[in-house]
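Take a look at the structure below.
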Amino acid sequence: DTKIKFTLGWKTQGSDAAFMLAKDKGYFKEEGLDVQIDQGEGSGATVTRIMSGAWDAGFGDVNAIIQNAAQRPDAAPVMVYQMWNRPPFAVVTKAEAGVKSPKDLEGKTLGGAQGTPTTRLISVFAKTNGVDMEKVKLSNMAPNLQEPMLIRGDIDGAMVFTLTSYFNLVLNRQDPDKDYRWLNFGDYGLDLYSNGMMVSRKLLKENPKAVAGLVKAVNRAAIEIGKDQEAGMKAIEAYDNLVNLAVEKRRLQFAYEKLMVSPEAAEIGLGDIKDDRMKKAIDIVVQGYGLPRAPEPSEIFSREFLPARAERELVYTAN
Amino acid sequence: MTDFAAVRRKLWAVALIVGFFLLWEALCLALDVSDLVLPRPSQVFATLFARLPILWPHILQTLMTTMIGFVGGVVIGVAIGALIGVSKVAYDTAYPLLIGFSSIPKVAVVPIFVLWFGSGTVPAVLTSLVICFFPIVVNVATGLATTEPELEDVLKALGASKADILWNVGLPRVMPFFFAALKVSITYAFVGTVLAETVASNRGVGNVMMSASSNFDVPLVFAGLFVLAGLGVALYVAFSLIERRVTGWASRRDDFAAA
Amino acid sequence: MTSGTYPNDLGAERVAIALSGAAVTFGRGARKTAALSPTTLKIAEGEFVALVGPSGCGKSTILKLASGLLQPSEGAVIVGGRETAAKAMRIGMAFQNPTMLPWLTVERNIMLPLKIVRPFRGEYRAKRRTEFRDRAHALLDQVGLKGFADKYPWQLSGGMQQRANLCRALIHEPRLLLLDEPFGALDQFTREELWGVLQELWLARKPTVLLVTHDLKEAGYLASRICVMSARPGRILDDSPVDFPRPRTVAMTFDPDFVALNQRLRARIVEARGGAEQS
Amino acid sequence: MTDFAAVRRKLWAVALIVGFFLLWEALCLALDVSDLVLPRPSQVFATLFARLPILWPHILQTLMTTMIGFVGGVVIGVAIGALIGVSKVAYDTAYPLLIGFSSIPKVAVVPIFVLWFGSGTVPAVLTSLVICFFPIVVNVATGLATTEPELEDVLKALGASKADILWNVGLPRVMPFFFAALKVSITYAFVGTVLAETVASNRGVGNVMMSASSNFDVPLVFAGLFVLAGLGVALYVAFSLIERRVTGWASRRDDFAAA
Amino acid sequence: MTSGTYPNDLGAERVAIALSGAAVTFGRGARKTAALSPTTLKIAEGEFVALVGPSGCGKSTILKLASGLLQPSEGAVIVGGRETAAKAMRIGMAFQNPTMLPWLTVERNIMLPLKIVRPFRGEYRAKRRTEFRDRAHALLDQVGLKGFADKYPWQLSGGMQQRANLCRALIHEPRLLLLDEPFGALDQFTREELWGVLQELWLARKPTVLLVTHDLKEAGYLASRICVMSARPGRILDDSPVDFPRPRTVAMTFDPDFVALNQRLRARIVEARGGAEQS
């Protein structure tokens, strides 16, 4: 079997179920792959981890690929399966702060973890929506401090990943729907792609068959979980018995509902992208990160390994 | 000192330690501190006992990793310390380099280890090693450098080699401070292991704590901290027993010869 | 002044220690302290030389030169034909302050030379619980420390430490024995007993001995030659042979010749003190 | 030792340290190590000089934070160390608690500080303090516990109080090991500050490194590491100068009295 | 045996030191060492008592009891009417092994009592560079250590350290002086000089002195009373007054009465050794 070192985007989360299921049910094995799944340090760090050569593939943020591809086109990994069709980037504020539109952020203090896409893109978000960044105060903090500081009122808003922050608020005994307002970047002109499965250029060049196998197995698992989340949760539990299964199941469903199921996915199938949308997304990132050049979508994404369209038909039923 | 006094002293100490936890519990209750910020010890112990079966393999993993790193750190620490303590050039060269290296947050070094050795146990062992050897170096070197020349002269007059002197005078003389350094080192060894486990490992107490903390399972985070503290104290107790035997001469305990 | 000066030319006899104009200075610049003026002294193998002189004159310094613990700032020191004393001869040294290693019991302290010095070191592990141990205990008995083998040094009184110190200097049957006031902290009777022990040992094995003492009677009883030093920075003022027959007894120290020798040396010391002691 | 020998020794040391960096440079070139993993020293220094104006306020911030935390740590460390070294009950009580606390990765403690004191300098100072005081406690306590009773007796016979003895015998006796602990502590103080800065702060070298690392600007990360190492070494040199004056007696350097 | 025994009943005179059946045992269980048999000894204020006895008999132990450094395992020790010696009387102690603090210069070492002891301690900061310093230097001159004030203790020879040690015991004009073989490492002439210094000091200020020595001549020259101890575990065998007129001279030590006293004490010591010294 080909050994593959695979890194997740973060610690075990329900939304990673597809990878666990593919491993658990032997889909990787069927493709002649021996995949070792490691927990990650952040979906941006997945890119550096793969670039450093210590991992072959991983689940991470496409925007980080864009950033690196602009500077080191030969080293940056390539996205081969765009799992999340929509961006999870958002600014969350307390309902009582009365932030109804981006413009209301002026005069507020926002907390964010350095280097996360949300934090990096906040200026583009502001510019797109006519917010004067001079009037917004930014404060750095570790990701797991954002929600507590928001709850305590040390900051007025947090620049977050919806998928993570929503459940952090739940875990902090808050009601994220009733008491909080979410400004999703996707709803305010930042129509970006986000996490998916990426592989190293080395693996791509030396063992394309393995890449194809990887994509096939993960796709099969992701489609399956769309119909049966319980199966995914079993795989999660087998991988890491420390997680809060109830919360992780909700997170898994959140990922499907808010990030994966979309008109675009229904049109082109799970895992694929539209090149013109990607081109726009690249421009946003280039602008937001102040990159020296705009890479082509083909440098970022390869659809070469995607299974046939029919196999990528996502049917999601919550259960 | 009579046996009775010794027992009473130990009881006092136990009472004070228990008192510390009771105070913590009481303060949390009185100030109504959220368990998301600082859980009460009773919650932490409850979590710890409830989750112990799941935690157990992680604890063993962390303990094993730490012990390997620690033993390696001690060996290397003593070797470098002896070198620095004996050679002036080594002192002038190695000290600045080691100080510089030690001032660097090890979290920046872990990725390099991961790259070279893959994720998992090896980088954790190495992190634990590099984080824990410095206190040993410093104390061994200082102990050797401050050894009374009179004691060394006893051996020199016999035509002893440098190694003889190191072995028969330097090292015994250094023992009390070596053990002092061990106490510091073992705690840092745990910190190193946990650090590496949070960065790049799927097992170990560090990993548990990281995932618990990203799930805001604060009592579990603290259960992990208590486990680490407990492991640290357990090893400290083990060293103390050895220390009593080996360095009793230095504090001239009356019961030393009899022990 | 040549009256009592021993011929420093030893002819065909083998030289154990040779100081040729050896001087010692500590520190540098303004803080310089001269510890020993250039000193020439030859000691033949098997001689028993006593060194007397006022406090601070450099007696211990000479012993350290002879043992190789100190290098002369000027001149040369040759021991057993070599520059590195310990390589040339098996040395036993009793320091002025008892320097027992505090982490070892008295027994282990005394056995230390056996652990270090050839040919014993090879056998140390095997014999430390049997033969060597017995040897240590025998020595302890001789100096009156029976039953203190398992104590730690700080559990002994001052005089007992000094006696243990002496045992350590003797246990490996050294060819060169350097003794720095080895009986200073002992009462007269214990002292006289140990004189006897030392004389016996010397008669039996004929090691070269260099003994520092403040007791002229001790010097006369033990030594075959007495060197008197001047005050700091010391030099050798007088070098007289002691020709009383061996074995000597304490009674002999009341002999008129003996007393006369003592008196003569005493006069030399007074003379020596006259000039320098006030510094 | 002559002045000439001392100078030659220093030159040797400098040569060896420079050699270390040249070796690193050469190995990186020879093994073609990516600068994403381990930049060459030349790249790091180039980045450092190019970015120095921007880095400068951050360096000052980190240095100041560390110094405050370190001074606090030293004061508390000496106080607790003296207590433990003198009182048996304190020894039995405080040691296990301190060992336990020290075995805990401080990264778990920083968020608590942040939630209590807000983000910024205060939690950084506290982190630096709690991370650096333990080596001092251990060495001071050990030094006091192993002080030769004979030396204490000199004062006791004069009817000196415990404080007198501590001040006139205990502390001078402990000095060499206190300085040894300072060397360990200052490096940990930097680590603590940087740690807190990465968790929650808008300034400081830790913040710069965090942002550099999220930008994949590895040479800048290493520039930060070099700055930290440099600060550590600079403080070490400062302590060494004091140490020479204060503890020269312990190594009985011939040039001590003259210094 | 009562022949030479001094009346231990001091009547109306004030008692400086009173040991009542005080015994000292070190260690526990099988490792128990008796250091001092139950001993009763009263010393009046202003007395000069010399303590002689074989090595290891417990002389230093008695000094430690008197200074409060050691608590008796049995019996009681009262100094100046109190149980805590140092509180009751200003004590000056010269230890058997010179215990200079290695981080202080000789001058600072000697001034240490002034830093600690009332009433000097209040003035220490102000006077350490003037008056106190001069006092230290004057003492150093007296013992022949002029010019060594700025040295560190390890830069002195054994005998010089001992003399510095003596200075430290004297500098604060103690009312109780405990001297443990203070002249052991000195040559006869320096020793006799220092006897004179000590006698003068005693005559001038009349402190209570307890002097441990192995030198009967020294004891006779200095003391107003000599106690002879038996071998370990020691007890007091003989307690004799010394009635020669003051100030005494070295010449006086050749006086037949003086020699007779010495001889009698010597005989007592031999007698004492007979039984116990082999242990």
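Structure notes:
Order as written gives the chain letters A, B, C, D and E; numbering starts at 1 within each chain.
What we mean here is this: a contact is a pair of C-beta atoms (placed from the backbone, for glycine too) under 8 Å apart; a residue touches a chain by one contact, two chains touch by 3 or more.
As the structure is a prediction and not an experimental result, all values here were calculated from the model.
Counting steps between touching chains, the shortest path from chain A to chain E takes 2. Farthest chain from chain C (centres taken as the mean of C-alpha atoms): A. The interface carrying the most C-beta pairs in contact is the one between chains B-D.
Per-chain Cα centroids separate chain B from chain D by 17 Å.
Separating the CA-averaged centres of chain A and chain B is a span of 39 Å.
In terms of their C-alpha centroids, the spacing between chain B and chain E amounts to 49 Å.
The multi-chain contact residues of chain A, meaning those touching 2 or more other chains, are 52-53, 144, 148. Along chain D, residues 37, 115, 198, 247, 250, 252, 257 each make contact with two or more other chains. Shown for chain C are the residues in touch with two or more other chains, namely 26, 97, 151, 155. Of all residues in chain D, those touching chain B in their complex are 9-10, 12-13, 16-17, 20, 37-38, 88-89, 92-93, 95-97, 99-108, 112, 115, 134-135, 138-139, 141-143, 145-146, 149, 176-177, 179-181, 183-184, 186-188, 190-191, 194-195, 198, 206, 209, 221, 225, 228-233, 236-237, 247, 250-252. The touching residues of chain D, when paired with chain A in their complex, are 34, 36-37, 111, 114-115, 118-119, 198-202, 207, 210-211, 213-216. Put simply, chain C touches chain B in their complex at residues 64, 67-69, 84-87, 91, 93, 95, 97, 99, 101-104, 112-113, 115-117, 150-152, 154-155, 168, 172, 178.
The residues of chain A lying in touch with chain B in their complex are 5, 10-12, 37-39, 41, 52-54, 143-144, 147-148, 164, 168, 171-173, 240-244, 247.
Only residues 26, 33, 52-56, 59-60, 96-98, 144, 146-147, 151, 155-160, 163, 180-181, 184-191, 214-216, 266, 269-270, 273, 277-279 of chain E touch chain C when the two sit together in their complex.
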